[in-house]
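The same subunit A turns up in both complexes below, where it pairs with subunit B and then with subunit C.
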Partner chain A sequence: MGYSFDFQSVSFGPLWEGLIVTLELTVAANLIGVVLGFPLALLIMSRFAPVRLPAMLFVEFFRCTPAIVQIVWFFYCVPMLFNVFLGSMTMGILALGLNLMAFNAEAYRAAIQAVPREQLDAGIALGLNPLQRTLYIVLPTAVRASIPVLLTNGIGIFQQTALVAIVAVQDLMYQAKSLATETYRPIETFTIVALVYFAVSFPVSQVVGFLERRRQLMMS
Partner chain B sequence: MTMSFSAPLVKIQSLHKSYGPHIQVLKGLDIEMKPGERVVVIGPSGGGKSTLLRVMMGLEKIDSGSISFGGKPYISSESADRKTEIDTEVRRSIGMVFQHYTLFPHLSVIQNLILAPCKVRGESRASATKRAQALLERFGLGAKANAYPAQLSGGQKQRVAIARALMLDPKLMLFDEVTSALDPELVAEVEQVILQLAAQSMPMMIVTHDMWFAKNIASRVIFCAGGVVVEDGPPEQVLGAPKEERTRDFIDRVFHIRH
Partner chain C sequence: MALDFSIILRFQEALALGLWTTVKLTLICVVLGCSLGFFIGLARTSRSTLLRAVSSVYVEFFRGTPVLVQLFWIFFCLPLILGVELSNLTSGVIALTLYMGAITSETFRASLKSIGPEQLDACVALGLPRRVQVTNVILPQAVLRAIPTLLSNCVSLFKESALVSAVGMADLMFVGQNISNNTARPIEVLTVVALIYFLIAFPLTRAVTLVERRVLAKLAI
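And then the complex of A and B:
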């Protein structure tokens, strides 16, 4: 291999700015996903079809189409259809946030359904009404149980943020592409960028593993 | 007609319950329980014992029949829409303990105890905590107030579950195979607590496979099989000299296994 590496010509300034944008996208999308995912989960579990079906359609749309298509659709179709464009950053946050909300709703739903029947029986035996059972038994148990999946989905969306580069959001990936073109150093640039994504994701995935092991201990 | 001092605490009339169209679990059960009685229900698995307790607690819908408590009907079936009517006020005077502890894993022992008194009865945290602590002391769990269920042994969990049910001052306690899931060496500590309650003349209905415990605690034993009451009488009779063939078979087999 005759390639001579030159990491000197990769300037970190733009990459740093890009990373900040990427983290902003991640945090904002996660806020939407974690908070709004729970009510969405309650909607998809509703006994009333007019409530349940639209919610399910929403979830399935985001689960069954590629994220990149969703992002492109948001950037080009929403402005044309509804005559609104909220700036590329906002549109990016919305596209990623709604996507995450759909996936998190599924995580919450699975966790809610996994609350053992006996727990609810105990709640009834203690005289708690349905709302009290949801608030004091189902919700805390389900939220705890879904934390590992929420975190996994969260780092998933951190990586998906790279997709918004194609619609000119100046995130880490966007900066990397510009830098690679300017310096003719794609190997160095993208290697560094890959390491940066890894350095952020890896600790989170370790935390997920730790939480799952601890949960198994708690349940035993 | 019985006189008023022995008026039934619980009156179960012609109780029918099935799971789906083919599995009939209770086929016309009639039981009258007097105040202060400790009724132990024994019988083969699938005979409807646990279902009976679950129905009494309002955890299952019934097909037909009725149950009254202290003279007041609180569970009945509206045959028109097959809906089971349950009076929550009465149900709140009944406490139940389950086979699998069912403590809330995200709450500490003391929080498990005060949840219902605070939320259901609107008792103040301070007063509920004080009562809870006293109950825990009584059951030898004073040091475990701030532990979480995962940190307790099976026997400790079950004693906490009993304490939790007692926090609502029940007039009747239902015990559904509360020692079946326990390691043998932990059974005694739980049975001890139930015997303590018996000594204070708490009315109770107990479903158990532990015939020795049944003998110790029962003031009356009901042998339930095939969804009906087969034999009903004092423990010396039902456990010692059963009149019915089916009871005798069952008792022989169970005691044989234990020896």
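And then the complex of A and C:
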């Protein structure tokens, strides 16, 4: 192989800025997804079809189309359809946040369905109203049970943030692309960037593994 | 603003060609990726430390980095390292196969784990050689149990395949974006593209639930 490596020419300044943008996107999207995913899950499980069907359609649409299509669609179509012009960062957060919301709603749904029936009966016996039952019985149990999946979805969205580079948000991937073109050093740049992404997601996925193992021990 | 969806009809053929590229790419990578994934899954449960370490690093790395970064790496870096030109399709197939191999190996690993140690003991007692153990005892059960998750892995792969548009492969997404840029009608074109993806992926996800019930009933667990 006649290729000489030169990691010196990769400047870390832009990559660092890019990583900050990527992390901002991840945190904001996760806030939207974790908070709004729960009410969405309740909507999916509603007994009233006019409430349930649109919510299900929303979730299935986000889960069954490629994230890149959603992001490009958002960036091109939302300004035209609704006549609103938001900053590219806001658009990115919205697109990724809605996507994560759909995935988290499914995670919450599974966890809510796993809440034992007796607990709800106990709630009724204690004279709690439906809102109290949801807030004090279903929410704490379901959230705790869904933490591993929420974390996995969170890392998933961290990786999906790389897609906003395609619509010119200056995240880590975008900086990597421009750096690779400027310096003619694609191997070094993309390897470093891959390692950076890996360094963030790997510890989180280890935590997920740990939580799941602990859960299995507690169940058995 | 007037929407005019009839514009799609003019580009039917181009979209169909793009869809064909997407489907072809997905099918090739499903076959290659699942086979790779099965062997990696075996390697991760093997007794040799070296095999376990190498396969773990591979799987964790491909699961821990964005597919887009993997694609870029393989499109721009692999030809430099190998010193040969790779066609778009070859690079796309390599990248998505490696990704699919990593995610399906986890599926296979979980299903391999569910095969009890008593079965292996039975194999030893019957004096079956290792190769027969793998092909006649482990493989059929592991595959059967893995089918529902494998199907959802296929749906993920189908969705991730849209990323190859970013490196200039003319798949459905790439064609759609091109048409939308040239006609300045992103709403109609991109919505139809999203709908096409949805119409393929949605029935597949429903099939996952159906197959899951069937498999669970068959295994009676």
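Everything that follows uses one rule, which is that the second predicted complex is superposed on the first by the 204 of 220 C-alpha atoms of A that agree within 3 Å, B and C clash if a C-alpha of one lies under 4 Å from a C-alpha of the other, contacts with A are read in each partner's own complex, and residues count from 1 in each chain.
By our rule, contacts are C-beta pairs under 8 Å (C-beta built on N, C-alpha and C of every residue); 3 or more make two chains touch, one makes a residue touch a chain.
Keep in mind the model is a prediction, meaning the values are calculated, not measured.
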Partner chain(s) touched by A:S178 [first = subunit B, second = subunit C, both, neither]: neither
Partner chain(s) touched by A:V69 [first = subunit B, second = subunit C, both, neither]: second
Subunit A residues touched - subunit C or subunit B, whichever exceeds: C
Partner chain(s) touched by A:Q132 [first = subunit B, second = subunit C, both, neither]: first
Contacts of A:T141 with subunit B and subunit C, given as first, second, both or neither: first
Which of subunit B and subunit C A:I187 touches, first, second, both or neither: second
Residues of subunit A at both interfaces, subunit B in one complex, subunit C in the other: none
Partner subunit A, residues of subunit C touching it in the complex: 1, 60-61, 63-70, 72-73, 76-77, 80-81, 83, 155, 159-163, 165-166, 173, 176-177, 180, 186-187, 190-191, 193-194, 197-198, 201-202, 205
Footprint of subunit B on subunit A - complex, ascending: 116, 118-119, 121-122, 124-128, 132, 136-137, 140-141, 144, 217-220
Complex interface listing, subunit B residues touching subunit A: 54, 57-59, 88, 91-92, 94-96, 98, 100, 102-106, 115-116, 119-120, 150, 161, 164-165, 168
Residues of subunit A touching subunit C in the complex: 1-3, 60-61, 63-70, 72-73, 76-77, 80-81, 159-163, 165-166, 173, 176-177, 180, 186-187, 190-191, 193-194, 197-198, 201-202, 205
